[in-house]
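We just call them A, B, C and D in the order they show up, numbering each chain from 1.
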Amino acid sequence: MGIRTVEEYKKSLRDGRRVYLRGEKIEDVTTHPILGVTAETVAQGFALTASEDPEVRNLFTAPHPKTGEPINRYFITPRNTEDLMMRTKMIQRSIELTGGLPFGRDIGTDCLNAAFVVAGQMGKKQYQENALNFLEQARKNDLAMCGAVTCVKGDRSKEPSQQKHPDYYLHVVDKTKDGIVVKGAKIHITSAPVANEIIVVPTRQMRENEADYAVSFAIPANTKGIVFICRGGRGAWTEHEFHPDYPARELTEAMIVFDNVFVPWERVFMCGEWQFSMLLAYTFATFHRFTAISYKVPAVEAMAGCAVAMAEYNGLEKVGHIRDKIADIAGYVETLRALTNASAKDPVMYAEIAVPNPLITNMAKLHFAGKYHEFVKLIQDIAGGIIATSPDKKDWENPDIHDYLEHYLGGSARYSTEERLRMIHATQRMLCSHEAAFHEVTTVHAEGSMAAQKMMILAEAPLKRYREMAKRSAGISS
Amino acid sequence: MGIRTVEEYKKSLRDGRRVYLRGEKIEDVTTHPILGVTAETVAQGFALTASEDPEVRNLFTAPHPKTGEPINRYFITPRNTEDLMMRTKMIQRSIELTGGLPFGRDIGTDCLNAAFVVAGQMGKKQYQENALNFLEQARKNDLAMCGAVTCVKGDRSKEPSQQKHPDYYLHVVDKTKDGIVVKGAKIHITSAPVANEIIVVPTRQMRENEADYAVSFAIPANTKGIVFICRGGRGAWTEHEFHPDYPARELTEAMIVFDNVFVPWERVFMCGEWQFSMLLAYTFATFHRFTAISYKVPAVEAMAGCAVAMAEYNGLEKVGHIRDKIADIAGYVETLRALTNASAKDPVMYAEIAVPNPLITNMAKLHFAGKYHEFVKLIQDIAGGIIATSPDKKDWENPDIHDYLEHYLGGSARYSTEERLRMIHATQRMLCSHEAAFHEVTTVHAEGSMAAQKMMILAEAPLKRYREMAKRSAGISS
Amino acid sequence: MGIRTVEEYKKSLRDGRRVYLRGEKIEDVTTHPILGVTAETVAQGFALTASEDPEVRNLFTAPHPKTGEPINRYFITPRNTEDLMMRTKMIQRSIELTGGLPFGRDIGTDCLNAAFVVAGQMGKKQYQENALNFLEQARKNDLAMCGAVTCVKGDRSKEPSQQKHPDYYLHVVDKTKDGIVVKGAKIHITSAPVANEIIVVPTRQMRENEADYAVSFAIPANTKGIVFICRGGRGAWTEHEFHPDYPARELTEAMIVFDNVFVPWERVFMCGEWQFSMLLAYTFATFHRFTAISYKVPAVEAMAGCAVAMAEYNGLEKVGHIRDKIADIAGYVETLRALTNASAKDPVMYAEIAVPNPLITNMAKLHFAGKYHEFVKLIQDIAGGIIATSPDKKDWENPDIHDYLEHYLGGSARYSTEERLRMIHATQRMLCSHEAAFHEVTTVHAEGSMAAQKMMILAEAPLKRYREMAKRSAGISS
Amino acid sequence: MGIRTVEEYKKSLRDGRRVYLRGEKIEDVTTHPILGVTAETVAQGFALTASEDPEVRNLFTAPHPKTGEPINRYFITPRNTEDLMMRTKMIQRSIELTGGLPFGRDIGTDCLNAAFVVAGQMGKKQYQENALNFLEQARKNDLAMCGAVTCVKGDRSKEPSQQKHPDYYLHVVDKTKDGIVVKGAKIHITSAPVANEIIVVPTRQMRENEADYAVSFAIPANTKGIVFICRGGRGAWTEHEFHPDYPARELTEAMIVFDNVFVPWERVFMCGEWQFSMLLAYTFATFHRFTAISYKVPAVEAMAGCAVAMAEYNGLEKVGHIRDKIADIAGYVETLRALTNASAKDPVMYAEIAVPNPLITNMAKLHFAGKYHEFVKLIQDIAGGIIATSPDKKDWENPDIHDYLEHYLGGSARYSTEERLRMIHATQRMLCSHEAAFHEVTTVHAEGSMAAQKMMILAEAPLKRYREMAKRSAGISS
């Protein structure tokens, strides 16, 4: 088939998977008030590949490298800067076109691309073939997939083997002729409840005595023993908010429990090769942070736009300190964009696979995460307290008080009160809501904490070169 | 009466006031799902003054300066450092004792204290008497009151008289033998829908041609022409969250519309004396920011405690970068505490009234607001992504998945999973919820924006002294 | 000739120019204790083009576009990313190869390249020819040149025409058949006293009534009426410091007074076209900030190296908070490098001329300037107080106390005390000396202040795009 | 005598001490170009106590607690807030009155006060008596003293006993009936070469196996075996700078080598009591940081004054972003002042001795050190590049170019060019000179690094209280 329709995708989710949310078991994720929004959000990725607009279709699909048949472009393993730039562009355009982030293949292929790199470095042909076969299956069946990386970790000061029980990190508990049995739980897994396949990679470097924890594989979401426990999200628009003319978009994370799950050998990409667990975690992190910095660009552009618009609606766009803050806001956004592009333009090659520049990618992620709260503060400062205390759409519609709101909530005379109120609501959603706080936390923690980025910066930066330059200045021979 | 009971207070709110919330008219604010929580929160202030614990009662009540009868201590106009320190202590203890902020008199007396200062400076005996009589009425009837300061402002780049219509700032539209008629709207007014009285002061300095806007008065909440349009809040605890053993606490803001409201002369504290509008706005701001820095101390202490506790529950309390962050967190909290006390210890006297040190008060507010987002980031960083994606209490209670959660969501073995989950929920409420984002915005905007604090720092700091010192270093005679 | 020797260059500076320094008139700049070091530093640029190492020679020279004869590569007007990358590379390599910054053509060609762009936009053929003829002259005679941009400015709150006298900005005071007469003073002009030619461009946008101030030209340094008043610099190494095995390098700035200087028409690139003064100032700023961000990379690399080395020499390289600081240090350096390259890789084309990306260039400069002091603090923190109070080389050589120093000033046993002391001296030079403070100030002010960069970021960032994205999120049709 | 004259003090320095500077042995420190300035600076402390102005004399002297005879007030051991406030006031006034910091007893009594606290806690009467007797000697003979704390430390990752040799930390190498023999070197010791006495305390906590390193004593500067190796400073004003009408002031640090120095028992305050080394180091640090935050207030006031004045001289005092920066500058200065006063107003009592509040003192020091570079940047930004490249006084005096300078270096017409030039020179001295960079480093490192302050903040902040508040919010019983 190669390219599935939205309906085909949705139908594939009614497969008996075990999903819980807010204490209840969900029978059909596609029709649930919250998960239905998530399914619809991811489904937009299928709408894009099936678009009638050739510009859109040609961006989101690509010819299969061998057969030439159209496949989803995320299934193109990047071989050069152009492929990486296309990935960035796809991510950014998908947000622009759908109003949300149809994360159905991004993180899964971040895992898979890392698995390819590592399989190549391990020199284990079987793993390479397994990964390639799985990719072909994904291309052919146009599979939605999530990437399951972060283990629950228990006591963070202890290694996997020192924990109260061995299951705080996912591990192999049995091996048979046909496959392996794994146990553990992965947490914070984006879009997991609406994926067809789960790609698992280790959450960190493993040591020799942790070989059972060095495991990577792909597994269908409805496999026996797999349970999804989901975050409760916001769901659809409410009648109390002004909203855009497209449906609410949302991704939902889940904790995925692997309760002695069987994985056949042909789906295994690593099993015990602890020496390569570091490279796998590290390469995944690079691919994944590249995905992150790509999707954050349009996210922060829209937020920056709230500052620009609210300044105008409030009549403040020419005030010195407001302009100064907008310059800082723009600097934050454009530094992110420039570094994102730079990491694609200066890739590191592993055999034929192009990995985004790890140093620049990690700096971009750290830029984004480390300065996000300051960016938020600037926009909240410009927008005003009204984004916290604004009346809602039902107030506006109540004839008893409508005229008061119309009369008193105007700003610059160039805009109508309703227009201003709509912008207030959009700004509230992005900067003064549960989602706003949620994004602060995910900005800090998704794709690894800032400490993780600093670790990789230390590993990748040319510290020796710096030192040699200092020694030369000091007149010390090396 | 002097000291009312909780029930007397609640009964007084059923007075025919016009209140709207989420598009609906509220007939009884004390029983509404959201405003009932607000009423109960403010009612705690009455519970404290009626406490059977003498330590509590003696803190929150004081003898009337003349009659010796017990009155609410907020109605003591501060005359020295001790009075100011008592105000800080009352605010902080009320939070510790009730779990919330029973803001029933704080802001109202901030306004009233400012009105006293200004009436004294104006030398208009009638205004002084009006204010004093009103204070006696408040003392005698133990009134709950809100302070209504911020006008809706329209186009922020334009003076009141240049706006599309004259009502963006509250102003006098008529004067009669018996009183004045005012029109306009005040916004973001904390606890307004559950106050007995509204104290109005100008939102800013007014010029000569804006004399009608230089108006201050007190007015009962159910006066004809007054309409409250409230923010929709969170209301009571839900079954989805772990929560403490006291009820949810919440303050609700309202926009107050003054639709040609009549105010009798004996309730007027300023009417046309534009030359003193600056002093009134300025003195109110100082009193009010002092209130703010006082209540923020316990608020940020509890947030800091989430960082300390989560570090321990996650097993991270000895990690270098975590300790470094906790030092920064503590430094933020304790600098606020030290500056708050310092502003009480170095007051500025206006006749017999002690105003908290304006320079230190504004620096403390700017410290609090300017570095809050960084403080939030540090705690979110320590707490982990789990505060964003945590399962809820109903998940925990569902036997299908309870054991998975118990098994996988443990942290340091010194604590139970349930304990950790409870702390995760508390941290989520404070740092990853609608309220968390809401507090960021109010931190920036409540009690005036950071630009307002900088303006007062420039006015109060000894810039001339600095310059003279530099000139001396330069060998320039003054 | 095309390529001059060091001696030819030095000889050309003995041309009767009027130069003052520390209150004295300098007869021969090449032999003066301070200016001699400057002349020698710039002379290194000639040594590089005359290098016997073909890799070096081929980098710093290029074939003349028409004749194919070797010319200095700075005289190649950039036409694409590769030309811009070569400029960056030249600048960086020249520092690595000579230990200093042989700024003999960089800023001059920044001016000249901007003049080409503007002449093209003005459509005035004569100016284009003048500029081209001057470039040919420079290529042929291998001229050293400085760029004179910043006027002395008088009262910064006043336009040129409102000042106490008209000369605070350089302007045309007379025009004749043969040329123009200019008056004014340019300040902070790097390497001016050792340049052959001075290229003048306006310091800012000029208005219609300021047409006389919209003037650009090239003029030999020994022209009648030109006076150089130089900053006193540090000069050669002293016997009190450990130093590298190459001579001290230094650039010296001068105020250049134009005391009714005659400029022939064929040397004029703008005269009265005030409408284009903005584009000229703006384009110069972009070229020049690109030069700046290029040379800062090796400068801050060496400083970063002091942190890396001192951490090791002090035995602290594995301490958590030290590693954290080194990650921040590396992030600062590498963000600068990444943005510098990005600005070359995404140029803006004016006809055939490639201008470095103005948005990225300005962000890179702002990154560099805005965070430099924090970078300095981190290195000073790691290096320790010893860089402030270190004994000097003469102490080390005094047998009375040598053994004490050897015994007590050791650090990690892996390094000798002398090695540590040498690194302390290098770090002191870069981070605790007059030059260290001087570089802080020039970082902030050279190539325009941070306010200037913010102004250009506001002009170049896609604010409208941000706003449209916010409006779409708000459901507002554009 | 009680109070010595300047001449008596200077004479006392000609006592045979062994002093080296810039590789040379100094025979008379009072007449040396650099150390003479230091001696004169410290001598100002004697001028103040001998002042004919009773306000001055009464501030800097106090009646002996027992005899009532006038003694230097630094020799009053603080017993309450008032004593601590007087210490702050003395330090600040001495700078205002003399233009420098006459550090002749401050740090010595910081050590001695800490020794008193610790002797009391140890309960060793002999040490108490020794300290008291030494204090009486100091009072009687009006001794200048320095505090020697920081050891040279060798490899910072190693304990004293693990080092290449045992002498990287000062330690006892022999004990006799009459006294002890010590070996080691103390570094960065302010004003050491012009002190009469050296007070030694341990640089850090010592462990059980480091008892020999737990040693504290007082010793005359000319004792056999003591060698001073001094930093080369700037010395007197030069003819190239505009300067104030008082002499240049300077303190000079030294490394003090203790080459098997004999200390009689009656001068010993600790010897082997390693359990108390932490308390001694910690209490000294608190006293000393209190001294530091006191003297920094006038230091940063003068720097802030440069910003205020340069903004005016440049005509920029009304520009928005300049005012914003001045507000930040003032906030930095006044937060320091407020915290300094707060630490005196909330002391911790050890028996009868008042120790400045350790938490607030350390926060104040961290505020000062952590934000100093940003403060510097703001002032440099406002002052302009001219503080880097300004012509000097000899240029101004050269008639050839004087008129050019007068004509072109004017700023706001309200000030003369000479006045502006004088302020430029003062700003240059404070913000763009070797001293400017030197002060950055000492700001970070003097009185302990920022890591040391964070350690004490973690020890002193009420982390448990925070945690209990969070637990209450979480519904967790303690």
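Everything below uses one rule, namely that contacts are C-beta pairs under 8 Å (C-beta built on N, C-alpha and C of every residue); 3 or more make two chains touch, one makes a residue touch a chain.
Nothing here was measured: the structure is a model prediction, and the numbers come from that model.
Path length between chain B and chain C in the chain contact graph, taken as the least number of steps between touching chains: 1. Farthest from chain A, judged by the mean position of CA atoms in each chain, is D.
The interface at B-C recurs elsewhere; of A-D, A-B or C-D, the pair that shares more than half of its residue-numbered contact pairs is A-D. Between chain A and chain D, the centres computed from C-alpha atoms are 52 Å apart. Chain centres here are Cα means. That of chain A falls 42 Å from that of chain C.
The residues of chain A that reach two or more other chains are 319, 321, 324, listed in rising order. A complete topology is adopted by the chain contact network, contact being made between every pair of chains. In the complex of the two chains, the chain B residues touching chain C come out as 319-321, 324.
Contact residues of chain C toward chain D in the complex are 20, 22-25, 150, 152, 154-158, 164-165, 167-168, 185, 187-188, 227, 229, 231-232, 240, 253, 255, 257, 259, 314-316, 318-319, 321, 372-374, 376-377, 380-381, 383-398, 400-401, 404-405, 407-413, 431-434, 436-438, 440-442, 444-446, 449-451. Those residues of chain B that touch chain D in the shared complex are 96, 99, 242-245, 298, 301-309, 312, 323-324, 326-328, 330-331, 333-335, 338-339, 341-342, 345-346, 359-360, 363, 366-367, 419, 422-423, 425-427, 429-430, 454-455, 457-458, 461-463, 465-476.
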